[in-house]
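Paired with chain B in one complex and with chain C in the other, chain A is shared by the two complexes that follow.
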Partner chain A sequence: MPLVWYTLRRLAQAVVVVFIVTVVVFLMLHSLPGGPARGILGAEATPQQIADFNHAQGLDKPLTTQYAIWIGQLLRGDLGRSYSLNATVSSLIAERLPKTLVLTLLSALLGLVVAVPLGLLQAARRNRLSDYLATAVTFVLFSTPLFFFGLVMIIVFSQTLPWLPAQAPQGQTLASVFADPAALVLPVLTGAAPLVAVFGRYMRSSALDNLARDYVRTARAKGTPFRRILSRHVLRNSATPLITMLGYQIPVMFGGALVVEQLFNYPGMGLLFWNAAQSSDFPVLLGCILVISIATVAGSLLADLAHSLIDPRTKAARS
Partner chain B sequence: MSTVVESQFEPRALVAPSPGRVMLRRFLRNRVAIAGAVVIILAVVFSFAGPLLWHTDQTHTDLTAANLAPSARHPLGTDAVGFDELGRLMVGGRTSLLIGLSAGILATVIGTVWGSVAGYAGGWVEAVMMRIVDAGIAIPALFILLVIAAIAQPNTAGLVLILGLVSWLVPSRLMRAETLSLKHSDYIQTLRAIGGSHARAIVHHIVPNSVSTIVVAVTFQIADSILLVAYVSYLGLGVKSPDTDWGGMLSQGLSQAYNGRWWLIVPAGLVIILVVCAFNAIGDGLRDSFEVGGRR
Partner chain C sequence: MTREPASTHRPVLDVRGVSVTFATESGSVHGVGPVDLSIDPGEVLALVGESGSGKSTVAFASAGLLPGNASVSGSIVLDGTQVVGATERELRPLRGSTAGFVFQEPATALNPLMRVGDQIAEAIRNHADASPAASRARAIELMQRVGIPDPARRSRAFPFELSGGQRQRVVIAMAIANRPALLIADEPTTALDVTVQAEILELIRALARDSGAGVLIVTHNMGVVADVADRVAVMHDGRVVETGTVEEVLLRPADPYTRGLLAAVPRLRTEPGARRPARSAASTPVIELAGIDVRYGRGAAAVRALSGFSVTVSAGETVGLVGESGSGKSTAARVALGLLRPTAGTVRLFGTDATRLRGRARTALRSDIGVVLQDPVSSLDSRLTVEQCIAEPMRVHRGRVADPRRRVRELLDAVRLPQTVLSRSPLELSGGQRQRVSLARALSLGPRLLVADEPTSALDVSVQQSVLDIIAETQSRLGYALLFVSHDLAVVQQICDRVVVMRHGRVEEFGTVDETLVSPRSAYAQALLRAVPVPDPIAQRERRRAAAEQADAAR
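Right after this comes the complex of A and B.
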């Protein structure tokens, strides 16, 4: 199948997935007991007040009509207004999302920088003490609740040893995030921990697969130094699939951002979502989930396309 | 190798060991997986039999004994309302293990049914079913759980249901792939030719032949569920006091830990990590001995 057709088919699939996400999210948030009116007006609200609120917000119309209205607005980039913050959802997300992206990108970068050489070295020193130790560390990181890991980081590096601030950089603008680099260290480290585990484990097994291949034997037979085989051939071949993995890890990274931002009070989209859940601010919850899902779908789409561009062998698998 | 030599002299050894034996032997040789199994047995004994040996009151608060540091009387100290932490770790372990186990099994069952039906049906049914899976994967579980926490206070059974419903997606993908590889096999074709129903093909042939994939999936799924149970209290969905689970102990200890009360978070955190590691180790071991593909 030519690349164009493959791209179009994957694109169509992605559109279907996004459509299903909108339906699921819409139904989930509109089948709430008591509805949003209770959340906004409080337990004291009279039935009349609730009816008025529902009418004003269009919540008394049939679900299909509400969905059609909502999709129409969505296509125009209108995600509605926050119930509790005096702002539109799109402006809130536009302000917070870049900060979350900075946090997740830095974490992903750190995760890769640690995991790729680690996995490669583990494969080269397979079943030696260093390999066992590194495996144990990735295993533990993989199995640790992130909020517990972050808390231990705060207690150790901020309380016991007063080296780093426990609160992430505050401030409205994106530039303010970088104004205080020391305050970014703990959030980025915490966000990177699960990624080191995932990427490290993957890199190790991928490098082991490659070390067993014929081209490595040929290179060794020709007398190429082992270091060079590792750094030139095995590294390249086994790290390429990580690009695809990065695309698939987007939901994990957003999940991590939710925890990290709440823990370190980092004013990104995760904290926005957390606070919106506490105040039953459904337009915000809806908008955030939508943005994250679209990012996830786009991420796996790009990952698949990038993979088929980089690795010509996948063309055969596609047809 | 020795069997080959012996087989010339000993007729008994001519019989090849059953595949199940081979797998069991291979699994028993995996020391990490065995260690994992031992950890889980110890955790179960600790949580379920422990309270028989270590008697503590886990229903009535005792503010005179609140926030005590570890001592001979309370080896792991007490919490903010005077519950003995060691006893609480046992009671909490019961909830965590039961919810994690049930949710992991539920997720695998849903995923197995969904994935095998989708893979077997093929065509647009499969396309629609798998796009639903894609959509589910696109919404991270923690976000859904936090929304649910904002609107509902489920009981333990509800919690199992919720966790099962947010985590069946990966097993369904594995099961679909497995079904695709089995669907065109000769015996399924034969079954269909002699008039066997689709349901019979799935229930009696595809699922039993995928048992190794399912067993590996359920082990990883239980590990994930126990970890997710720990998150659930942190997100505000946990079981209600005086009941607790390891995650509940951890999230209650969060604010206390800043005051130097490390005993409120360190033991609970460590047992969660230990048990989740153990299930993952068993999953790895099973995957290697079954030689099946799987996640990670």
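Right after this comes the complex of A and C.
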């Protein structure tokens, strides 16, 4: 079973990568001037209070010791306690992560559902008016900063036309998110916009590339109607690379979630990360980065595995 | 689109006064024409010519398959239907039904992500109201018909799981799925080995004979023409210069262009010939490969690209490496060049053990080796000028040549290129000119060994001869040893002193040309020779009959 070996080898690599990420992030956080105490205790804190805080949190120990403590706790499943929120980091992540997953998955799904047919049709109608229009729209989406695009969405669809709420669903549980689907519309649309642009451009060039291939000429020569050439031959061949791309887009989507959650006040990982960064809440920041780096590594691994399931050739090439 | 009443003797393809022009950014370019052709049912017409003669354009125009920037005038009647001016909607029912297509590259002609059985079934369902199950069953029948063993299992295979010959059979199965009146085959065997080529040509011949379909076969290979064609049309510069029966055109050509073309075709020698004088056989070999193994991977899954391969080449001598694709001939060339470290065995270059050398000594040793590769397009950097291309080895090995600028000009004379090409990009040159630039670059340091990997395979025959002449001339002047890799046995017979016949990474035969390529001992080399079609229809018929008898006797 070469696929099993391959997966195990990639998993081992993934563990190493995540370990290196934690070391680098740990070093970077702790080399910030001043440390977290000032951010947590406020500008009025006395030097004594700061020293007490540092001692209580173990921040006066050597860096290597601090890291060893953190990683030791991590291996026992303990991510520490938040400095500013009265909760453990793992409980915070457990509460926030599913919400962010819902947001990013819906955005990615919407992005693909729009981008794949759009790119395919653009390629089929290359250099016609509809192609130029779609290109113009995707370029606008691509080059507009996400927060600006989100603001425009709020102004248009929430303020000018009072159709949709400007605030994402609130509440602690995942069920509460789905209880108010109208409130999800704007965040998901905003999150999907850059993905439509990226995937759409990619799909268009990939489909154009495939339309020029010999097998398309063969399909024409046996009398296959053009629509069927698109749907049966070109679609699958040009969408397969998107799967890999989707896996590698995970950090980008998390970056998008950071902006979208902030903008729509959506209580997910992005907002948690944002607030933790504002208040120098090191344990929460480290926990979030750990989750994001695991998701990134897992994303590229899953993409490669999915690719090998879809494309029969990769199986042979690897074994 | 008008459908004329069927007559008893109507050509399946009737091309009258057809011209094709291509719209490009710099205005319209005349491609082809005017061309007249006709093919009767059951007849095989070969359309021959060199690259750029317009032969493929005519073939694709016959079913309206030209790219969008082409415009066609004149009349093309395909089994009673006018093709010129017809819309896509009118043409689609003809494609794959009235006319079936076979293409040059079986490696890319099939959808890589679709099972081959489904691709054949699609050809059926495009034209008939068949259920998926019925069309799949019919696809398996067709695979059987085109000679694919175990068709039920193979129909579930993806294209990459089949050999090149089997893929081409799949393409043929699609082409004949709806019993076409005309089969159009564009260089159907160019990408295949000779033994596979012989099988595919036999299949096309049998299909035409059994079904009564007309066949339009486009090829540059006169041996293929002699093997399959009833009639021949020779194209040159977009026009048909000569049409006639295969005997007339190949044996008694009337047109001067046809005569020149046929004269340039290297002929396979079947009688022991005047052997080239054995040169300096006593001198120490320039290169000596002994007991070379090259393995990829390890354990039971390892691929043995070379096993126990040995060859020596002396100064002034030419040794040919021949064999079918995958036989290891290019791998052997890479070992000789020092680009590939063998798993076992020794490489002695100019008397030194090259496998042990490292660093500067290795680099110095390499400066005595020149190389010419197959692809004239990708083996030269198109961002450099021709002068920079030729001078590059002298820049790498600085100090070897006193006056590089003068040397470049001498080399140009040696390969018979005008000085005016120096400042141009390789992209502006023809394929033959580019190969001469490659040769000039290879000779720039005055090598003691030249490795040429299929140097003329991508060239037209008329150009091939001039490149071979230049190689022979510079070799007799400079005295380098030449390792010549080729799949073309006639060319190898012509220019080599000794030959290594390879198969599955092993040496099958090693000896003089007469020993290896005229009267070989091994069954493999004999089969290889028998499969080469000769450009003489009468002789080729005789060879085919003899080959069939041999095959029967072997059974």
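Keep this in mind: the second predicted complex is superposed on the first by the 306 of 319 C-alpha atoms of A that agree within 3 Å, B and C clash if a C-alpha of one lies under 4 Å from a C-alpha of the other, contacts with A are read in each partner's own complex, and residues count from 1 in each chain.
One rule holds for everything that comes next: contacts are C-beta pairs under 8 Å (C-beta built on N, C-alpha and C of every residue); 3 or more make two chains touch, one makes a residue touch a chain.
Not measured: the values here are computed from a predicted model.
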Query - Contact breadth on chain A, by residue count: chain C or chain B - result: B
Requested in this report: Classify the contacts of A:F254 with the two partner chains as first (chain B alone), second (chain C alone), both, or neither.
Outcome: first
Report task. Return first, second, both or neither, reflecting whether A:R213 touches chain B, chain C, both chains, or no partner chain. Result -> second
Query raised in the report: So, does A:R236 touch the first partner chain B, the second partner chain C, both, or neither?
Result: second
Query raised in the report: In the superposed arrangement, does A:A221 touch chain B (first), chain C (second), both or neither?
Result: second
**Report entry** Touching partner for A:A179 - first (chain B), second (chain C), both, neither
**Finding:** neither
Query raised in the report: Touching chain B and also chain C: which chain A residues?
Result: none
Report summary line: So, in the complex, the side of chain B touching chain A is made of residues 131-132, 134-144, 146-147, 149-152, 223, 227, 230-231, 234, 247, 250-251, 254, 257-258, 262, 265, 269, 272-273, 276-277, 280-281, 296
Report summary line: The answer for chain A against chain C in the complex is residues 213-215, 217-226, 232-233, 236-237, 240, 310-313, 316, 319
Query - Residues of chain A that touch chain B when the two form their complex - result: 13, 16-18, 20-21, 24-25, 28-29, 32-33, 139-140, 142-145, 147-148, 151-152, 154-155, 159, 198, 201-202, 251-252, 254-255, 258-259, 273-274, 277-278, 280, 285, 288-289, 292-294, 296-297, 300
Requested in this report: Report the residues of chain C in contact with chain A in the complex, numbered from low to high.
Outcome: 63, 65, 88, 92-97, 100-101, 103, 105, 108-114, 122-123, 126-127, 158, 160-161, 171, 174-175, 177, 301
